[in-house]
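What follows is a set of structures for review.
Each of the next two complexes has subunit A plus one more chain, namely subunit B in the first and subunit C in the second.
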Partner chain A sequence: MGLQRVAIPWTEKYRPRRVSEVVGNGEAVQAFLEWVRSWSSGRPAKKAALLHGPPGTGKTSLVIAFAEENGYDLVQLNASDRRSAEDIKNLLGQAVRAASVFGRRRIVLIDEVDGLSTVADAGGVRAIASLIDRTEVPIVLVANDPWDPSLQELRSRCEMIGFRRLRAKEVLSRLEEICRREGVSVDREVLESIAERSKGDMRAAINDLQLVATSGSDPRRVLESIPNRVIELNAFELLGRIFGAHRFSEGRGTLANTDLDVDTVFTWVLDNLDQQIRDPQALHEAYKVLADADLHLRRATRLQRWELMKYGTILLSAGPGVIKATVAEKGGRFEFPARIRFMQQTKDVRTLADSILTKVTRRLHMSRAKAAVHFLPYLRLMLKAGDRGIARHFRLTEEEIGYLVSRAPELRVQPAEVRESVEERARPQAKARRAGTASGRSTGRSRA
Partner chain B sequence: MTEAIPWIEKYRPKTLKEVINQEAIVTALTNAIRTGNIPHMLFTGPPGVGKTATAHAFARDLYGERYIEDGHFLEINASDERGIDVIREKVKNFARTIPMAGPGFKILLLDESDMLTAEAQHAFRRVMEQFSTTCRFILAANYFNRIIEPIQSRCAVFRFKPIEEDGVRQMVERVARNEGLEVDEQVVKELYRISEGDLRKVLNLLQTASVYSKRITVDLLYRVAGLAAGIEARRMMELALSGNLTEARKLLWQALYVDGVSEREIVSSMYSELFYLSIPETEKAKLFSLLGEVDYRISQGATPEVQIMTVLSALHALSGKRS
Partner chain C sequence: MEVLRIRLPNADYISDLLKAVTAVVEEGTFRATQEGLRLTAMDPAHISLVDFELRADAAEEYKVAKETEITVNVEELVKLLRRAKKTDALVISYDDELRRLNVTLSDMRGGKERLFTLNTLEPMGGTMNPPSLTFEAMARLDSDSFYEAIEDSKPIADAVKITIRPDMVVVAAKGETKSAQHRFVSGGPAVHEIDAKSEVSASFSIAYLEKIVKPGKSLSDELEVRLSTNRPIKLSFPITYGRLEYLVAPRMD
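Let's look at the complex of A and B:
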């Protein structure tokens, strides 16, 4: 057991040097090559690519191998670097300018963009976006989960290239090759086990292999001592599993294998339901299953009877899939939850609406919920008709007035004689009553 | 332009004498003040009949104009508070001291007390007992039967009557005189009908209409009433029924998450609108039942949006089957 072997991590030592050595994900590799080559024939449509997928699937390796093989300079920024807007500008501002005629071509690689913490790396996303807007060289971003709302600005600017977990067979063949080159012999059974439990994460598999092969003790025992790498399904994979389940037995463990909390998963499933199940009757059944799941989950939480959680989680994990299977539909693409987007889009108006309610309920003896229904609709109409005195009474700002007016329906009135109009929205009995007024005028006198 | 006061504030009774339509209650409360024998009280009755206003008028008659400023009276709205612990804390702070002057106790009004869960009500009952030497409690609630028995039995119960047509007329006349409105008998009748005896609604309708025209016509009333039936439960249901579940859901989000409409309000509006939907009556049977289940589940802590979607998706499944 040479010391040197232990000194260099095998994950570095056997990192692919050429694109052809990158294992698996043929489509993604192809898409990347096409995109990066399009730079030599002028500007590509997207000046940046966002390689995304689970860890250890070759995203960063592909970029490094390509640069090495094709004589590009690689300018790299990692999560360990500080990445505030200022840092990004300082470190990369020069790098994105075109090289001189004699200079080497260049690729800028920003790793782990999903790890940009909004506080410590204030403005980081914005800075990267503006970097992309003015870059003259290819920029590659890498992320495990690119669907974080804060990355929206980046997604729209990037060629999105998705990587999948590697197949156990692909991992296995790479492990065998490493053993050959290291001159170590490890039972095939052990290698298979390492490949299997890596869940498609090559880095994890190679790390495990190095540990097993260099420990000097019984590989099986070593392997047992390594904690099983629990697969961390990201939201999209999770949806695939949930909507793909045909039996409830397939749903067991689905939620245990993710670090997403149940509420997040619930939102994702709820918001993808109507895209996955088109048949209205089946869709209704699916909403009912989710409502049942919700009931059990809430009840367990409220009563702190955690043993009751399982009824909710199993309904959530397999219910939608089982119903989808009954109508044999293919289902559309999975989408980022529309409700989360709605909440982001309405953030400002929600703040406004909230402050209005606070001001109004301070003066009226009503709860917020009551004021929302029993007073605000009238207030909107009064403001729309130009009554500013009432706005003054509640100390409403211009912005708040503007918002209320914008939410007010149109009421067209010609003061003395009000015409019949299509805007009639009173109850049917009211309509019937009005239908009796032949003249169509309202004089407010006898109408019998 | 000067400030304009909302009429529901402006025409709130200042003293018990000004309370409309609740003669028996006013007599009882006036006697209570005279004898100084003041029990815990439970005011029940439909919205807009004067429960909150009467509690304030009572306190003003008892303690004088500065009943709030001098710390005699506190109003807590159960629907606004985040649970019984917050309420208990507020009561504790309020009831800890007895003012030097006055009858030797304070009054605490717990408005919308039927918004508390049964568990929270039991906790509140203990709070009542703990502070009953220094504090009298008035609980206001729309529904008598949503108040747990142990509380009912500790309170003198006052059932507020729905405002009758004559009460509405009295109010409308007072307002019309004061505000220079032109209102005729037909308008009074329609106001009574539309408001179902809810004076808050009467005042809001009148004030809104008056911004458009000092001459209040029945037509104008209907327009305002139609447009102010704000929460759009009907549009939500119509959209689902016409096959557009996505838009229906967005309206639901708007109501729940932006406009601050309570889930209870949405469910009860859906109930009222269900009568008018053009779908086979036999389907309505299933929908009423489903809606009842949704209402119950929400009261048990289930997530309103998720539960309400079952009803909207049921309507969506009916699209095409409209009668």
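Let's look at the complex of A and C:
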């Protein structure tokens, strides 16, 4: 007796072999095809595409099906592979510049780039960005959540193609087809229930179907035994839920469905508020609710009284939607928070300013705030006048001296992108951002 | 059941051969037939391909009860084989039920036997056949001289242009501020034969050529290079009782 061979998972067996078999997301499929075909007439503006969206919506399948159908050589780097900067350079550095042994055109596929920010893959994002800069072949990146701050370098280099959760109807028709090809009969009612609970995740639906169809016991019983899936919402989906919740009870649970931290969610909601609620009175109400939420959240972290968190999260998750419902407005598109983008772009300068303050306060025995306001202007003048002795005294590096000599007293770097969006926005927005900054809110999410 | 049994007088030769295979792949699938053991595989980036065969007559004893495919981590296998001493005879056998490779090293004079086992792997994508390619030019070169030309090019650039002309073979590297050129003139000691009607050339990654030629040159003094303009290059190291051939795809830039 040999070892038992595991049956082929149906998700693998019924993976689309042709682009036409990819279910749903017609627009995204079209956008991908246009981009990849643009390679045959020279280099497109973006040499990489980032397919993003919830799991089980056909992102990776589309690329594999396209490569198979059109005779492309597919070089794939999966999340299970080692993906340090070194590994990426070794494996793909050549693949993006050399032809394939079989003389076919090539596509490079890097799966789950949003999983790259872990320690083991340190430098991976940088390495991929430099691959994109040098590549001679199309590179496709796939991610569930592409809005992680650490992926900024990739977003700017990629054609962004978004995938949505599949409709239950789309999932259902695929399930029926699989049943037909497998020669198994499952009640339509059961199939409907599988499609419904999959929440638009085809992989989950097919896995459930295989389990139900091959278990040999009562399908309904089996289905009941599968716990409900907790779906992870990305920031955009989460905003949709929060602003779409018309009743308190709809909104309050939304934060449980994301792995974004509360601070990040707060920034997203705050920055999108004035686009979602235009009525001045309602907007005023909404800002008040957020201010209260902020107060609770700050207290919770500052006093380490975590039981206070729930007051903040409830206001944050249920407040904006309820207020929006009172004015029955449609609301604009959700946007990536300018604040987070600004902080990312000024990271280098802020690090520099920080290290200067550390050095200065160590010698002067004063607080950082005081040193920044009362001392730095003088230090700046002295350095401008050519006093190298003071620089030696604080052990400032050339880079730090350069910063002090050239920069204005405050951090006034405003990249074009941010300036634009600030001007576009209404006034209350700017006010709100200042309020957010003053509370010393931390940015980004840490994924230790 | 034991479906494969190979007995070799010593482990050196096979471990050097397999070491040369690992220039391209870490793991691979061997096809064991009555004729011999064969492995054809591409590296993960699909830029190079190795075609390796050890013919049955290389072994003192070669038995295949049933044609079979064995996927192993070749690097791990080489590590085991490297434990062999000069005086050790080697038996490699495969059990298709336990799906395990047995490596027996026996020292006849010392009356000592060592047994290593290596679990095989789940095959990834199965075996493949090398692409059938025709070539416009061929040259037989001294493998050490060719390796030296590759090594000399390393500090200059990350790719070399290989040219076969009716009268010479040229290995050239060009960086921004420096360049290197090796000419192997027909009739000279490094060139055994050139067969080219006109000039043919293509560029290749030095990293790949180096990985392949380094272990290859210690197995064979001669290297056969087959080339077509901007198509994959074929590097063959003639070995007794088998085959050791590589393809490397050209650079596109």
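In this text, the second predicted complex is superposed on the first by the 274 of 448 C-alpha atoms of A that agree within 3 Å, B and C clash if a C-alpha of one lies under 4 Å from a C-alpha of the other, contacts with A are read in each partner's own complex, and residues count from 1 in each chain.
Throughout what follows, a contact is a pair of C-beta atoms (placed from the backbone, for glycine too) under 8 Å apart; a residue touches a chain by one contact, two chains touch by 3 or more.
Please read these numbers as outputs of a predicted model, since none were measured by experiment.
Once chain A of one complex is fitted onto chain A of the other, the partner contacts of A:H393 are limited to subunit B, with no touch recorded for subunit C. Legend: residue contacts after superposition of the two complexes on their common chain; A:R106 is shown touching subunit C, with no touch to subunit B. By the touch criterion defined above, A:R97 lies against subunit C but remains apart from subunit B after alignment on the C-alpha atoms of chain A.
Look at A:A85: by the touch rule set out above, it reaches neither subunit B nor subunit C. In the superposition on chain A, A:T346 makes contact with subunit B only, not with subunit C. By the document's definition of touching, neither partner reaches A:A325: not subunit B, not subunit C.
For subunit A, the partner with contacts to more residues, out of subunit B and subunit C, is B. Using the contact criterion defined above for the overlaid structures, shared-chain residue A:E136 touches subunit C, although it does not reach subunit B. Judged by the touch definition given at the top, the superposed model places A:V405 against neither subunit B nor subunit C.
In the superposition on chain A, contact of A:D73 is made with subunit C only, not with subunit B.
For subunit B in complex with subunit A, the residues that touch the partner chain are 1-6, 8-9, 47, 52-53, 56, 75, 77-80, 111-112, 115, 184, 186-187, 200-201, 204-205, 207-208, 211-213, 215-220, 222-231, 243, 245-246, 250, 253, 257-262, 264-265, 276, 294, 297, 300-303, 306-307, 309-310, 313-314, 316-317, 319.
Against subunit B, in their complex, subunit A makes its touches with residues 266, 270, 274, 280-281, 283-284, 287-288, 290-291, 294-295, 298-299, 302, 338-339, 342-343, 346, 349-350, 353-354, 357, 361, 363-379, 381-382, 385-390, 392-393, 408-409, 411, 413, 415-416, 418, 423-428, 430, 434, 442-447. On the subunit C side of its complex with subunit A, the touching residues are 42, 44-49, 96-97, 99, 131, 204-205, 207-208, 230-232, 247-253.
Residue ranges of subunit A in contact with subunit C, taken from their complex: 1-3, 73, 75, 91-92, 94-95, 97-103, 106, 136-137.
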